[in-house]
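Letters A, B and C mark the chains in the order given here, with residues in each chain numbered from 1 onward.
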């Protein structure tokens, strides 16, 4: 095989990527078009009506955008108190030891569990618990979905943060110790500030994952098409409304669901792009 | 006075260590809880027939429940469907991904590479449900029906970025001397890639493929609108087909079949975890 | 007036990284107040290891053992709290490493911030000015105090690190090859500075550079394979070493 042919083959393989991505965007945009045209782009995003009575069809994405943002934000809140200690455990306190690698394996396995199984666990274990605690009567809802979502994103946030915590130069840590600091003080005043942008970016990427998580949320959020009033009420996320209704949808509803898909795609793409850019910058410095 | 302060600081230091250990240990709880629940509720369903028989109809299941018998049947239709779709997806995604990864590793500075690299990140971060609806628009609509082909296209799109990334990363950490030595011997670049670099990178790429499989094998959302599901064993690739995660979803929604959830979940969970551990083990072994 | 007690005393100090091997073997020596003592020897002889024992740096790594005694003003530091010892024994490292997230000003005061000690505004002003003046950095940076310390040149960064250590008003300052990463001009600056600092602090410096040892120190130690081979007046040691190994090292016949 000569070099020219070789280069051509590699180039063709690489072309698959732009074709696939272009296809994704093209499919979403063309099929979302009629929904945007019918309701208007802004009105589609800000309307909270979702009714498919024939003749008076009305679709708006606001309840689902709200549901997605609420579950994601709440999942992040629940995730931080666990992922930060895990990152410190693996990247600082027990760096390079057996226990750290055991914990690393545990988080890797957590990351590997399929989301439908998380959903089952949430439905059969967590939901009854939330009902028993009297937090909400039906058990499903934003809160339930967020708790399981948090467990799902802990591994991502933790392993990426640990990477940045590990990279804090020993010179700096020893410098701080030599001034009389305790380990806790070194972590708070040297490790966190230095690894800060990297840790932050790992949470941005964790958010990117939480935004589009489908099955878990579908199984736990309660599937109601209204704007959730509180964290214990039921709702739907952008991903879960698609999972719930796409199979039976046609025409305008079909287009509206694709439009929601397009919005979700754009939001996750932007969040992931920001996250990746920040990570790149954090790695360089 | 200063002594008191020191004591206080050391206490804070210790408290922080214990908090870190406590919360780190707590993250293991969900893993154990999930494993425990699935294991305890699912282990007695696993039998030979569970893997060889297809899903029972809701009616048969209902009769069995009324009679107090265990639900007959198994998940063979799902296992076969998963294997067919995963196999078709992998056959295309692995070579394409490796070649594309090789392209990125060979031309790291080119603008086009940076675009491809960015798109790989984009696709990897795209929610799987979106892959599902896009594949529906691409394949299911023109073919006028759900099919194994559509399901495997969705899985292909999900696997591709994972294979590309692992290939690129493995090739990039190979010593450049390896490539230069090959080129110095007068081989052309294709032969060096095929005979020197790719074999040297085999371990990393193989691990990446294993992880990619373990990642997509449990995917449910992209299959709901592509493969749809099917209650009997089928090998046709242009017809709806089942998959293990799809079966779990069906069982979850059908009160008569709910008992089967746990056996199917146990099978899927063990498969994924073993795949993960194997990949991790191999990665460690090959890194030495 | 009391007779001047030695500020630092090593008594059979040993440091071991593993059970089998000792990196520092039974070192005994006394260091006088307000002197500069140079520790020399080929690489791997244990000179840095000995130095790091003085501010309990080895306590950070669970595998390292320190035995014997090290007395600071008559008190055995090995039985004291590391965080208390380190406040009294400052350290300057081989590579200058100011905290990259802190300004020059904050870097000087970082010891206080890290230890949770609050200073009044005037105390802060005084400390920053005093310390930067004593490392001869004040005139160069007084207008850019809120800039990050990492913008400075290598030599300036190292002086900032010295200022950071001096801010805690330590009794002893340990310097681990402080000029090996610097150019000759910056090195000369720091050497000059050390002569000045001698008045307020006792300095122990590890150096590879024999000329430097001769220029700045009044006493010298020569270590070889973990042992303290020779310890005495620098001038005497250089002109008339009493041990054959010292002579071999000083004449360049040894790594």
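In this section, a contact is a pair of C-beta atoms (placed from the backbone, for glycine too) under 8 Å apart; a residue touches a chain by one contact, two chains touch by 3 or more.
Because the structure is a prediction, the values reported are computed rather than measured.
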| item | value |
| --- | --- |
| Centroid-based (C-alpha) most distant chain relative to chain B | C |
| Centrality ranking, top chain (CA atoms only) | A |
| Pair exhibiting more inter-chain C-beta contacts, A-B or B-C | A-B |
| Distance between the centres, which are taken as Cα means, of chain C and chain A, whole angstrom | 49 |
| Between chain A and chain B, centroid-to-centroid distance (C-alpha), Å | 17 |
| Computed distance of Cα centres, chain C from chain B, in Å | 54 |
| Residues of chain B touching at least two other chains | 9-10 |
| Touching two or more other chains - residues of chain A | 182, 185 |
| Contacts with two or more other chains, residues of chain C listed in rising order | 83-84, 115-116 |
| Interface residues, chain A side, partner chain C - complex | 169, 171-172, 174-182, 185-186, 189-190, 193-194, 196 |
| Chain B to chain A touching residues, read off their complex | 9-10, 12-13, 15-17, 19-24, 26-28, 30-31, 33-34, 37-38, 95-96, 99-100, 102-104, 106, 112-113, 115-116, 118-123, 125-134, 136-138, 157, 160, 164, 188-191, 193, 214-215, 217-221, 224-225, 245, 248-249, 252, 261, 265, 268-269, 272-273, 275-277, 280 |
| Touching residues on chain C, where the partner in the complex is chain B | 81, 83-84, 115-116 |
| Footprint of chain C on chain B - complex, ascending | 5-6, 9-10 |
| Residues of chain A that touch chain B when the two form their complex | 1-3, 5-7, 9-14, 16-18, 20-21, 23-24, 27-28, 31, 81-86, 88-90, 93, 103, 105-110, 112-121, 123-125, 151, 154, 158, 182-185, 187, 205, 208-209, 211-215, 219, 239, 242-243, 246-247, 257-258, 261, 264-265, 268-269, 272-273, 276 |
